[in-house]
Every structure is written in C-alpha cells, then in structure tokens.
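See structure below.
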Amino acid sequence: MTLTDPYNDTVRACFEKPGHAGDLQGEYAQSLEASAASSDQGMTVALSVGISDGMIVEMRFRAWACPHLIAAAQMLCADRQGRLTDSLQQFDVNGVMQQLSIPVEKTGRVLLLEDAVTSLWQQYTKLCKTDSGTG
Amino acid sequence: MSNGPIYLDYAATTPPDPRVLHVLQDSLGQTGSFANPSSIHAAGRQSAAMVAIARTQVAELLNTRQERLIWTSGATEANNLAIQGVANAREHRGKHLISMATEHKSVVDTFAALEKRGYKVTWLKPDGSGRLLLDSLSQAIRPETQLVSVMHVNNETGVIQDIHKIGMLCRERDVLFHTDAAQSVGRLAIDLAELPVDLLSLTAHKFYGPQGIGALFVADRPAVQLSPIMFGGGQERRLRPGTLPVHLIVGAGAAARIAADEMHENLSHMTAMRDRLWNGISDLDDLIRNGLPVHCYPGILNVSADGVEGESLMLGMEPVCVASGSACNATSGESSYVLRALGRDDLLAQSAVRFSFGRPTTAAEVDTAIDRYRWSVEHLRGIAPAKTGLLLK
Amino acid sequence: MSNGPIYLDYAATTPPDPRVLHVLQDSLGQTGSFANPSSIHAAGRQSAAMVAIARTQVAELLNTRQERLIWTSGATEANNLAIQGVANAREHRGKHLISMATEHKSVVDTFAALEKRGYKVTWLKPDGSGRLLLDSLSQAIRPETQLVSVMHVNNETGVIQDIHKIGMLCRERDVLFHTDAAQSVGRLAIDLAELPVDLLSLTAHKFYGPQGIGALFVADRPAVQLSPIMFGGGQERRLRPGTLPVHLIVGAGAAARIAADEMHENLSHMTAMRDRLWNGISDLDDLIRNGLPVHCYPGILNVSADGVEGESLMLGMEPVCVASGSACNATSGESSYVLRALGRDDLLAQSAVRFSFGRPTTAAEVDTAIDRYRWSVEHLRGIAPAKTGLLLK
Amino acid sequence: MTLTDPYNDTVRACFEKPGHAGDLQGEYAQSLEASAASSDQGMTVALSVGISDGMIVEMRFRAWACPHLIAAAQMLCADRQGRLTDSLQQFDVNGVMQQLSIPVEKTGRVLLLEDAVTSLWQQYTKLCKTDSGTG
C-alpha cells in the first residue's frame, strides 16, 4: 500500500530541523529584513540576511506557515547563505515546487516567499545606491 | 503498533469493536444472510429477522421502539432526511427554521440549501462556552417556525447541549425538534422515552459499528410529518428506499448493544484519558481550551495554541493522528467555523487540535501525544515571527 | 447446503464473492484502514489511498476515469441523484423528462415525485419483447426535454435495452441520457469511453460486492450538470456528502476487478444454467417466457404459468429461493407492473417466477429448482378452479 | 436465529397435502357449489358439498389462492365433512385466523371463504324450502 504522503523527504527533513530558522546570530555591516503574508491563507514568512562584502554571510527565516512553506524558506536560506547578494535576484518558483513536491494549489504560498526575496533584493539595491562604493 | 500511527481521532470515526468485527464476519459468512430482507423467500425472511433484531438493539440503546427507526447510510443522510423532510412536508405551514452556527456541516449545508429555496433560517450563536442560551432560542421562535435543529454533542469541541430543555421549549411552542446525535449515541445515555425529541440522527461508525449505516429516529407523534428525500421501493415506511444492507445493520445492532452495556465504563476511561492529556500539556503558555469542560463530553479535548500554524502542527504531531481546526482540506485554508462561533479568531481557530479518545486508547498513547504536542508547539513557536500574524491583524 | 435454502435470486442481491469477503475482512482488520479518508493525518491518507485504488478498479470495469465516479449508498441513491439532480440543476431550461414504464421502482418513483412537483414525464412503453422502440423515443423528445432515463438490463425480465442507440439519439437531440445499470455492471461489458451515456447508476451488491455501496458515473461534459440531493461536507465533488465507508468501497473495488476478469466465464455459466432450467420446464403447458430470449441477459429467466397463484408458487418452490411476479410484499397483492407493461394480465403477471443465477449456482441446484417448479405448477393447477380467475375477468 | 416464517405447521401441512382439494368424488342426492373471488387480491375459492340426509358427506374446494386461503379451505372441508349441514351456518373467522396464524392484513381473504360458506348455506336453506320434507 503506497500512501499518498503530501510531504516528501526533503520537506520532512527541513521541517524537522530547520537550521536556518530564527534571527541573525552575527553582527553584519549590512543586514536586511523582509516579510510577506497572505491574508487568505494566513501564512507569514520573514527573511533576514546578514551581508558582508557583497556576500550573504548569514540568512535566516521565520515563518507561521505550513510545512511546505517552512521547507521552502529553509531551503532558500541554506542555498543563498555563502553566495553573492546577486543570488537574491533569482528565485525559481517552479524549481522549488518541484524539489519539494508542492501541490499546485499552494503556488500562492511559494509566491509569498518570492515576494520576500524580491523585497530583500530591492532593499539591497536601494542601499547600494545610497552608500555607493560599498557594494 | 509501536511504530504505526497512534489514532486519537475517534470523534471522526471509530474502528469496529473486535466483537462487532466478529458479528460482521459471521453476518457476511455462512451463518449470516445476505438475502434481500424484502424478499418473501426463506433466505429473505432470515435477513428480515436479522434486521429486526438489530433494529431492536439500536432502539434499546435509545430506549425507544424499533418501529421508530429508519435506517440510513449515516448521520449525514439522517440529518438531510430530518431537515429536508420536515421542511418539505410542512412547507405549507410556514418556512421558518432555526439552527445553530456550530452545527455539523451536514446540518448547516442542508439549512443553507433550504435558504436558497426561500426558507428563512435563524442561525443562533452559542455563548463563549459553546452552549445555546435558551432565551435566544425562545426569542427566535415565531408562529411560522417549523423546526429547531440543535446537535447533542458538538463534533469539534465536545460541548453538550441541554437537549432536554431545548426540546421542552420546542414542545411548549409547538415546534418540531431535531437533534444530530452522531457524537452522543452510544457514548452518552439517551432516553427517548423521556426526552422531548422528535427526530434524532445517529451513525454507527461513531460507536464502533461499521461505516455506511446510520438511522433516523422519528417520534410517534402526529405532528412529525416527513417527506422522503429519495424515492423507490417501499422500504423503511416509504421514507428511505433501497436494498437494506444486512451486514451493516447487523453490525450496527451489535455495536449498539455493546455501547449500552459498557457506557459507564467507557465514559470513565474517556475522562481519565482526557484529563491525563490535559494535565500533560496545560502548563504550555497561551493554550486555550475550546468548550467549557464542565459541559463537554469527555471523549473530546480541543485546544488552541497561539502562534502555531495548523497544518504544521498536524505534521509535528505525527505519528499521532488528531484533527485540526483548519479545514479537512489542507489547502482550503479555511479555519473552523465552530471555533470562530465560540469567539476564536482565525489564527487561533486554525491552531486548534482536537484530541479524541476511544475504547482502545492507552495511557502510553496519550503520553506520546503529550510529547508530540509539546514538541510541536515549542518547535513551531520557535520558528514563528515574534508577533504571530502581526501582518494580518 | 443440502437442506438449506437454494438461492436462485441473484438478481435481487448477490453474496460477496469469497475473495471480496477476504478483502472486506482485511480492510476491516489490522491491515486495513478505518480512518476517515478526508482526514489529513497519516491514517486518513491511508484510507484515501485505498479509496482511490477502489475507485480506479470500478472505473476500469467501465473503462472510464476514476474522477467520473461518485460513491453512493447504492443504485437507488444513484438513480435519485441522477434524476433529481438533473431535474433540479436544469429546471430553468425545461421540465420535460422521459422514462419507461418498465424501470425499477427507484426510477419510476423518483420521476413520479417530480411529476408531483410539476414536471411532465413521458412514460414510454416497451414492445411485447420488452424493448424500447427508438421511434417512440424519438417522437417523445421535445425541445424542453432535459433527461431520458432508460435502464440497461431489466431486473425482472433481464431484457437488455440498446443503450448505445438510445444514447446516440439523445446526443443528437441534445438531451441528457441516464441509464440504471444496476443489473448489468459487472455482468455485461460496458465501455463508457464508447457509450454515449451521461449518467450511469451501479450498485456493488449485484456483482458480489458488499451491500450499502454504489456509484453514479457522471460524464465529463459541460451539459451534465447535477444538483446534490443531500448536503454536507465537500466529499465526492460536493455531490454526495458523508464519511466515505472505507471497507465497503474497498470491497466494491475488489468485486469490480473480479467481475472484469471473469465476465466472459460468468456469462457462459449463466447461459448454461438458464438453458438447463428452461429445458427442464418448458414442456409444461401454458408457460410464457417473459422477455424475448435473444434480447435477455442470461442470468435471469422469467416465466409465467397460467392458473397458478404467485404466493403459493413461492411456497411450493421451497427450499428454492426465487422472486415472484407479485410484489415483494406478499399482502399488497400488487402484480408486477413490469410484466403488465409487457402485455401480461394481472393473473399471469402474478404467476411469474424470476429465476436468477449466480457464480455459485450449480447444475444440481437448477435440477432441484426444476423439480420444485414442476411440482408446484402441477400441484396448484390441480387445486385451482377449472377456469382460472374466471370470476375476475 | 428464529425465522419469521409466515406459515405455521398447519398451513404447511394443508398446503402440501390438501386432501379435500378437487371436485366431489361421489354422487349425492344434493350437491351444492359456491364460490367467491376478490377483485383486488385476485383470490378465488370455490366450495362444493355433497349432502345426504342432512349430513355433509363430502366437502371439496378449489382455490386460486395464497397458502393461507388454501389451508383455510382445506381445514374447513376437513372439519365440516361428516357433520350436519347446520354446521355450514357457522364460520369462525377469528378462530381460523388464529389456528392458521393468518396475518391480519389477510382478513379479507378469510372473509371470502366465509362468503362462500354462507352462500352454500343459503342455497341449502332455499333448496330445503323448495323440496320441503327432505331437509
């Protein structure tokens, strides 16, 4: 008997031990926060990044969310941490949904996460314009 | 069972009691009878005799006579038959009906369908404890009111309504009274010789009988007129057609007899399990118990936890199977209308967990549930933004 | 079985196949799942998976997709849902409906209830062989006709209607077509990918599945709009509420698979049994075979005997269990409206015996039936007044 | 498991071997026939008696009827045969129904039998008036 388990192993692992949940641990030259919430689903996701020299040194999330969205946030943070801030420019909604086997009805929730990332990137580019030369 | 699921969702459905299983097997096998009880041949008559015995067993559980029961496929159908049946039969007398906001979907949606057909329905709200205030019922009754439908035990919170007083009021005011007793039949003592109830719905799968069989009790009073909602053979006093499912009926009868015999003992067990669970979690911050305990059936414990999302809570609870305050359908995102009617906001309603206990529930299972609940609430609160749902309020 | 009843009433209901029994037992026991398939916890998901498999098994029997099936409590409910459902959903387009005088009670009475609500129903008569003449259907269809309902195999005579041609005509004329296939599903090949059928009713207890579970097939065409007849949870695409009875559904699935696998072999067996019986009695005087054999499902043999009263014939047949042309209810004295529509008078209709055969039927059982039938007819004719019913005609 | 058998042993015995079914076998000084039928139920019962010296020497029935009515007719014939014709005056509907456990819904059928007996008695008294002195 195969069960139609709505959560794949990655989702379960991220849910069980979301290593990037919480607030920034270190102190950073630049730190940014962004969050997004949906009124109909009641989901909330907040991201924070610590940046040094154009690098994402630390990335954290907080979420009041379903397991899929928690897992997506956890994966995002784990992936971006250690990469260039440029990586905040891209967010592959379809890729995330596929990797986490997120049902199509939940697309809206993944888009929330995209909103938060986009917001981070916009804040970052604004910041760069203000104190130009640091970026 | 050590690694398998731990089932604490007996308010949703109960497994057949092992003794009922035995009866089901006998009934399906050589010593039983599968023949159509309407057939006049010997095999049909044997089936009819078995159905009659089972009908008596269910009647005895409720202290009524067997002729008062109409077999249905479950409580949903019984509720539909009662409500649509009265509305249609008494349409010419008036089109006002009364029910509560906290009823089961099969009552709420049936009344809603009648609203679309031009009936006026007054939806009464419970007080914060979940109970109906008799005054509000009294004020809602009008000369053209045909039916009041108030459930006995709420399926989410376990809140018990005082159906005796409600029924008395209805009799005084000459209005029919239906109660959805899906959650109470076989669990709480019900004496239909005493209770002023005109129509009562039940379903066997809530008291360790098989799924797919229920009944509607129809009081023997001239005022209680019903129109059928399905048409066909003359079965069930022309109120419910279709070949009677013999093994299901026999199983329901056996389940009723066991429930009658062991009611007291089952209730003590429920109380012990519920109290053990609550004692194990009640020190967590910001928990809200839904339904005033003194008015609740002890087989159900419903708790909301601030700052915790419902679907994640369900996953965190694994392998413990409990019900959630978010809709059955995980992606609908709808939170329990029952809990909202009790005054919980969306987020608190969504965070609710309904633990429900059964005959097979053990202290060890409850202890696992305690562990998993504590872990989940703390884990999810640790992940959540400082102010839950801040952006939403 | 030597002294017990000999069951030749498989058109009324069939015992669960031993393999289905096994599946039912497993499903009710430890390896099964009783949890509510709508629950989001692991136990609920296991039930949902079992339901999905069973739905596919029934869909495969009919060569359709599983999403097209709505579980019901049986064919009576499926017929009611189809007919009331279409009538209510399309009321604004027109209130004319077409069916036949020889339909099952659950179709006839449903249309009759709609007649009381102001619908016009045209009742078509079969020709003497029991079949619908396409011309009469064609003439009956009007611009405001919403639905034609004609059964596939008649439950009394076994007459098979040409549902392909009937469906084609309905498509041409833009009318929905429902067929009550309670007697044919699992017995005759049905290919819903080919057949122009919009709605089809079935019930598991006619193909060695459990009693209390059936389904309505709903074609995937925009024109096929249905209103539910019961209201409640969102189960079954909002068309049929109530907790799904898991073990019954699993049993129906298993029964469907076996029926698909063994259809050909079953049909040969039916034919052999029927022909053996007919050969054993056809030399008796004044017998009339009801339903033209060439158009009949071979599992049913319906014979009227002049000069014989129905209830006495049933007693004479003991221990052979067969159905009678008099009403199920021995004391109603009503004779079969199906046989009267075929041109039999009251007395001939009442004297009818429906023999129906099943997988377990043996030649020895058929031989006993032959003996009992011969004895009964001769015995009762010996008692009867010289001119039967002379006073009545 | 007790079956709710609609036929008691007497009914079954009478049905199986209705010794009085058929036509009068002997030749009698007086023979009478009467029948009754119901249009709604389709039941027909016909009685014939052979009388000698005010005695019912032979009594027969024919019936197109349900087992209860067949049994009632058989019992009636068996009981009256050998008794005085006076015995045709009485017919105890309730007694018959009780002895044969006839369901109350079938009362009408037993009344048919009563009609036939009454008709016999009426014919008989008429006959007596006509050929007075024989009776």
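The letters A, B, C and D name the chains in turn, as written, and every chain counts its residues from 1.
The rule is short, and it goes like this: a contact is a pair of C-beta atoms (placed from the backbone, for glycine too) under 8 Å apart; a residue touches a chain by one contact, two chains touch by 3 or more.
Quick caveat, the model's predicted, so the values are computed rather than measured.
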Counting one step per pair of touching chains, how far is subunit D from subunit A at the shortest? 2
Which chains, if any, touch subunit A and subunit B both? C
Please state whether A-C or C-D has more C-beta contact pairs across its interface. C-D
Taking the mean of the CA coordinates per chain, how far is subunit B from subunit D in Å? 58
Just give me the whole-number Å value for how far the CA centre of subunit C lies from that of subunit D. 42
Approximately how many whole Å separate the CA-defined centres of subunit B and subunit C? 33
Scan subunit A for residues touching two or more other chains and write them down. 6
Give me the residues of subunit B that touch two or more other chains. 40, 42, 311, 330
Per the touch rule, the subunit B residues reaching subunit C in their complex are 5, 7, 9, 12-16, 21, 24-25, 28-29, 34-36, 38-44, 73-77, 79-80, 104-106, 109-110, 112-113, 203, 205, 210-213, 229-234, 241-248, 311, 314, 317-324, 328-330
Interfacial residue positions of subunit C with respect to subunit D in the complex: 307-309, 311-312, 315-316, 330-331, 333, 335, 346-347, 350, 382-386, 388-392
In the complex formed with subunit A, which residues of subunit C make contact? 40, 42, 45-46, 48-50, 52
State the interface residues of subunit D toward subunit B in the complex, per the touch definition above. 1-6
List the residues on subunit D that touch subunit C in their complex, please. 6-7, 12, 15, 18, 21-22, 35, 37, 39-44, 46, 61-67, 70, 103, 105-106
